[in-house]
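Heads up, the next two complexes both have chain A, just with different partners, chain B and then chain C.
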Partner chain A sequence: MAPAASVSRLLGAGVCAGPLRPRLLQSATPGRARPSGRTLASAATPAVREPEGSIDLNDRILNEPLKHSDFFNVKELFSVRSLFDARVHLGHKAGCRHRFMEPYIFGSRLDQDIIDLEQTAAHLWLALNFTAHVAYRKGIILFVGRNRQFSHLIETTARDCGEYAHTRYFKGGLLTNAPLLLGPKVRLPDLIIFLHTLNNVFEPHVAVRDAAKMQIPTVGIVDTNCNPCLITYPVPGNDDSPPSVHLFCRLFQTIINRAKQKRRHMEALYRLQGQEGPGARGGGPAHPPSLGAYPGDRSSPLPEESGSHACP
Partner chain B sequence: MRAGCARSRVPEEPARGAALGQGRKGGLKNHMEVVPRLRQRQNSTAAVGERDQEASFGKRPILLWLLRTRGYYELATPGGGAGHAPRGGSHTQSATSRPAPRGTPPPPSLHPRDPPSPTGACAAVRPRPFTLQPWSPAAKMAAPSVFWGAAVSYRLFLGGRVSLALRQGVWKAAAAELQILRLRHTTGVTAKKNVAALRRETYTVDFIKKQIEEFNIGKRHLANMMGEDPETFTQDDIDRAIAYLFPSGLFEKQARPIMKHPEQIFPKQRAIQWGEDGRPFHFLFYTGKQSYYSLMHEAYGKLLDVEKRQNQLQAKGLFSEKTKTKDLIGSRWLIKEELEEMLVEKLSDQDYAQFIRLLERLLTVECSAEEEEFVQRFRRSVTVQSRKQLIEPLQYDGQGMAFSTSEGKRKSAKAEAIVYEHGSGRIKVNGIDYLLYFPVTQDREQLMFPFHFLDRLGKHDVTCTVSGGGRSSQAGAIRLAMAKALCSFVTEEEVEWMRQAGLLTADPRVRERKKPGQEGARRKFTWKKR
Partner chain C sequence: MAGSRLQTVGSVFSRTRDLLRAGVLKEKPLWFDIYNAFPPLREPVFRRTRLRYGKAKAAIQDILYPEDRIRAKFYLAYGSGQKAFDLFNPNFKSTCQQFVEKYIELQKLGETDEEKLFVETGKALLAEGVILRRVGEARTQKAGSHVSWESEPSDVKSQTVLENNKPLPEALQGQHMEPSEEQSKGLSPP
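The block that comes next holds the complex of A and B.
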């Protein structure tokens, strides 16, 4: 399948998911106390047993999604056809074209650039998958966009997923000088999603550069007039039409909710299995939610390895 | 100010002089010379002064008790006291130099930054029994507990946002034993400007909670003391009680003692905005101005809802173009400071203007009750001064004769006039006929003017009372009162004529004060070339 091939090509090209993961692991779970050698040595015997067990559990919860290529079943959320219907392929005029967007442009019709939806789909799959993993690991996700037409929509989307939004005037040192602006021990976002990469004066949003400075991974919808360089997971697509932005917001909201739900399920499952005893099985990948339940997980702890490769 | 106690005059000048002289040199080391001098003076006049003071408070025993325990003046015997260093202080006056009832509550004897030392404060005291006489016949003989004493005393700071955390420890320790405090005579020692204190004080949640508890306890004790029911003791009652117990002659209202709920005293502060895992509570936390932007988000959401509803109605064809004009005259928008207080956040002028513009836009479209209520939250009522002349209602006496009463003022004269509907033009001033009360023709002409203006000269009887002012002022006051009363008998057009003639306007002219460096209000001294 073409998207799969392009995905593997992109992964092979070094779309950096690997090196960031350990950092994400640390940053995403700050509250959990990892016992170092010191604590293990000094802690009393009954106290040692509990943290060990829970850490083992936590490790298993965190490592389980990494064993599957599409743990959250991102593929079934969209298709090239649905992207086309949402007018994601429509870019700006050729005069507005950014040089670095040329690889993503399919062609130009009547002086209007058309974005290659095959590439968009591949990039979008990567971006959504990454977002899902971050949400699964309880990371803080910040939605950023400076188009006033969609400001309310983005804030509503963020609130509905339980994440955060910033569609207002971006103060200079918000990320780089956060302890002063936001509080002494503030936790920075673990992922920033740009629905619009440019600000109101058609310049790159300050948060793109600042996130790169603070080593925060970014997902961004890049239009034909945007600079995709500093964005970790660029998604070439239309960021000006209402159906397009609505679609992207819906996709992100769905995948984040799905990832959080999956996390809750896994925690419940592992807690149950921990109570039952050792020899517990891991849960399978996400099935398309019929009523929000994942029937495969709790009732039948059968090896679900084959299920991960089965496409719906 | 120096009346009252005999002994106040004696140590005052040298003490203050000494204070001034020594304080300027950084006088902490010199206080020891001052204190013994005080004690010597007080030795001789202690009994007299005490009696004098008590005589002046004889009618207010509660005040006396409070003053004793708050250490307004020294009652301890000399020689028994340990030399206690007066460590800085804002006041250079000794308590003895001013009569206590007119003074403010005493400053804390210790420097605010110093740790409280109960032993030091009460080292030289001896316990004194006191009797609390009933303030009112119905009052209970409740001996106020010391805890209340501490609660009230430290509540009584001077109005502003002062840090209480340090002072309250001092007061509690000092008042805990219900012993007479020894006032330290503070010389002109100026406290070093503490740079750390300039930072805004942050109060923890526990501290505020404790303050609230103590306030409530103190309120109940105060109610008991005043003989009122603690359950129905309102803030107005508290204010009146404090004004009674601690009368202050200060002009600045904010410098007088107050006792209010801690929420009105301590500035509202933000608690920590995130949970244990570090995730902020509010979804707009990373914007920096979460309350303001969430308010904008909410308002804009309401606007979108209204527009969507209108579109739906229009699609169905039920949309009616009527625009009901809302009566916004009696209210105004919140000012920027009020909004900042509401949101506990700093705003810029542009932010505020943007928000008001959004609300006004919400008002222009036809919105439902919910949106109206949302907008009304940001409006404050304003007393509207109506341009219309207030017309007194007609009253009827025993005989069925209609009459109207009104008041008038001019300079310092106040008058009240009762104008009867039918009469023969008799005017009685303070029971005396006007011809005898006002021998001067000019004054009688003033009284005639309203009737003459309306061509009702011999048609009404008037009875009036007047006090204050001189003859001309009294005449003017009565004239105004009569004109106002006449409004009830006269058409609206004639009322407007009277207003235009100036009959219904109080004359605002008062005597201008004499200024220093001039002979009178305006007259300057004779200018001499050389």
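The block that comes next holds the complex of A and C.
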């Protein structure tokens, strides 16, 4: 973490916005002016140094999944039947119903709301797909849920996929006043997943509003008494029954692990391709035609690269 | 560090997109391209919760089945079934469910009279060995006070409800007076 922290402190010389990234050169838009080639050169610590040739490589790795409609094969993870068996369709009583959940409710059986699982399936696909893409791009994911019954489960789920969880009392300015509470230049989560949108007094969790404030997209399981408005990818479903919450945790864990694995595969694949046929690839603009200039060869920095990097 | 904390104005995406376009936000956030490629079904815009006034009601229909009528009659006659519900078993059939299935079988065979069907089903179940204990006479006399929950709620638009919505409670009450007088099963009135 230390080299990343130092790099980000340097970046703080006025350039960045929003979620900071320790890897400087990993910008999603190739055309945009890359801000800190020169600021980095003045530092003595080359935290992450990548040769120029890998920028378009990174772009290809990042943009490749977006071209497929279901790159991570999300639809095979669940079905309407499996949602039904996990009791995802059971909502609260009609008196607890939130007005904005009405479009997602199929009907009410003896006063208990039944959630429309066809809609749930569609929403869940979108939510899982989004999570997978964020995990693929090495985003930070935060699991939030305030139901004490599943607190431990959520924490173990987060630990098993290598992400983060916060199932305790959510302090006031945790997202909005992060530099003060968490330390200077802390990277905020890129995605927040709510297993329970309400807190223990049945009010919307503060993190929903705060994530909207900090431009952090959210995925959330909204029950019939929740407000789905501010959640980017709501998933109407039961958040009170154990089978239901277990199912959702399992789904998120599987998809995040799958996405990370896919990322490793893609990087290995592109690295291999780079090593085998550098000339065959239509490279980026500023490529010196030397064979060693590809990411497979990080250990030997090449001085004939474009001179914006300091020699370590 | 640029950002817009106005969560009530647009969605997260619209605010970020506009900040990027204005040049205030320099670096595109990680999730931006993903959102562009796979947008949600509804844009997550803030909406104020407003109460419903007057006679406006939610457009949510009740879920009712034709078997519910049979179930209602069963519970009126026999009270809650003697066999406890075993929820661990996904294929569990309660006494009421067996009753309903037998009733529908007999109905398919051609019987039309409801009372007769009811009695026949009771007999068939007894023959199979399922014990049915009738609720005592004092309970059936109190059935008059249960009329309110018998009648379906007024905003039923469900297609699963049969067309002939004959007044149910009267038929039931008339029906229950006779069988209970025929065979007193010995349940002492509460």
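As a convention for this text, the second predicted complex is superposed on the first by the 227 of 312 C-alpha atoms of A that agree within 3 Å, B and C clash if a C-alpha of one lies under 4 Å from a C-alpha of the other, contacts with A are read in each partner's own complex, and residues count from 1 in each chain.
The working rule: contacts are C-beta pairs under 8 Å (C-beta built on N, C-alpha and C of every residue); 3 or more make two chains touch, one makes a residue touch a chain.
Keep in mind it's a predicted model, so treat the numbers as computed, not measured.
Of the two partner chains placed around the shared chain by superposition, chain B is the only one that A:Tyr164 touches, whereas chain C remains out of contact.
When the two structures are aligned on the shared chain, A:Leu174 is found in touch with chain B, with no touch to chain C. Once chain A of one complex is fitted onto chain A of the other, the partner contacts of A:Ile105 are limited to chain C, with no touch recorded for chain B.
With both structures placed on the common chain, the touch criterion links A:Leu182 to chain B but leaves chain C unconnected.
The partner that reaches more residues of chain A, of the two candidates chain B and chain C, is C.
Within the superposed three-chain model, A:Val134 lies in touch with chain C and out of touch with chain B [touch as defined at top]. In the superposed pair of complexes, A:His152 makes contact with chain B only, with no contact to chain C. In the superposition on chain A, no contact is made by A:Lys262 with either chain B or chain C. In the superposition on chain A, the residues of chain A contacted by chain B and by chain C do not overlap at all.
For chain A in complex with chain C, the touching residues are 15-19, 21, 27-29, 32, 35, 62-63, 66, 85, 94, 97-100, 102, 105-109, 113-114, 122-123, 126, 129-130, 133-134, 137, 139, 176, 190-191, 209, 211-217, 227, 229-234. Touching chain B in their complex are the following residues of chain A: 30-31, 138, 140, 142, 152, 155-156, 158-159, 162-166, 168, 171, 174, 181-183, 185-187, 189. Taken together, the chain B residues at the contact with chain A in this complex read 272-274, 276-280, 283-289, 293, 297, 300-301, 304. Taken in their complex, chain C has these residues touching chain A: 1-7, 11-13, 15-16, 19, 24-35, 37-38, 40-41, 44-47, 49-50, 52, 58-63, 90, 158.
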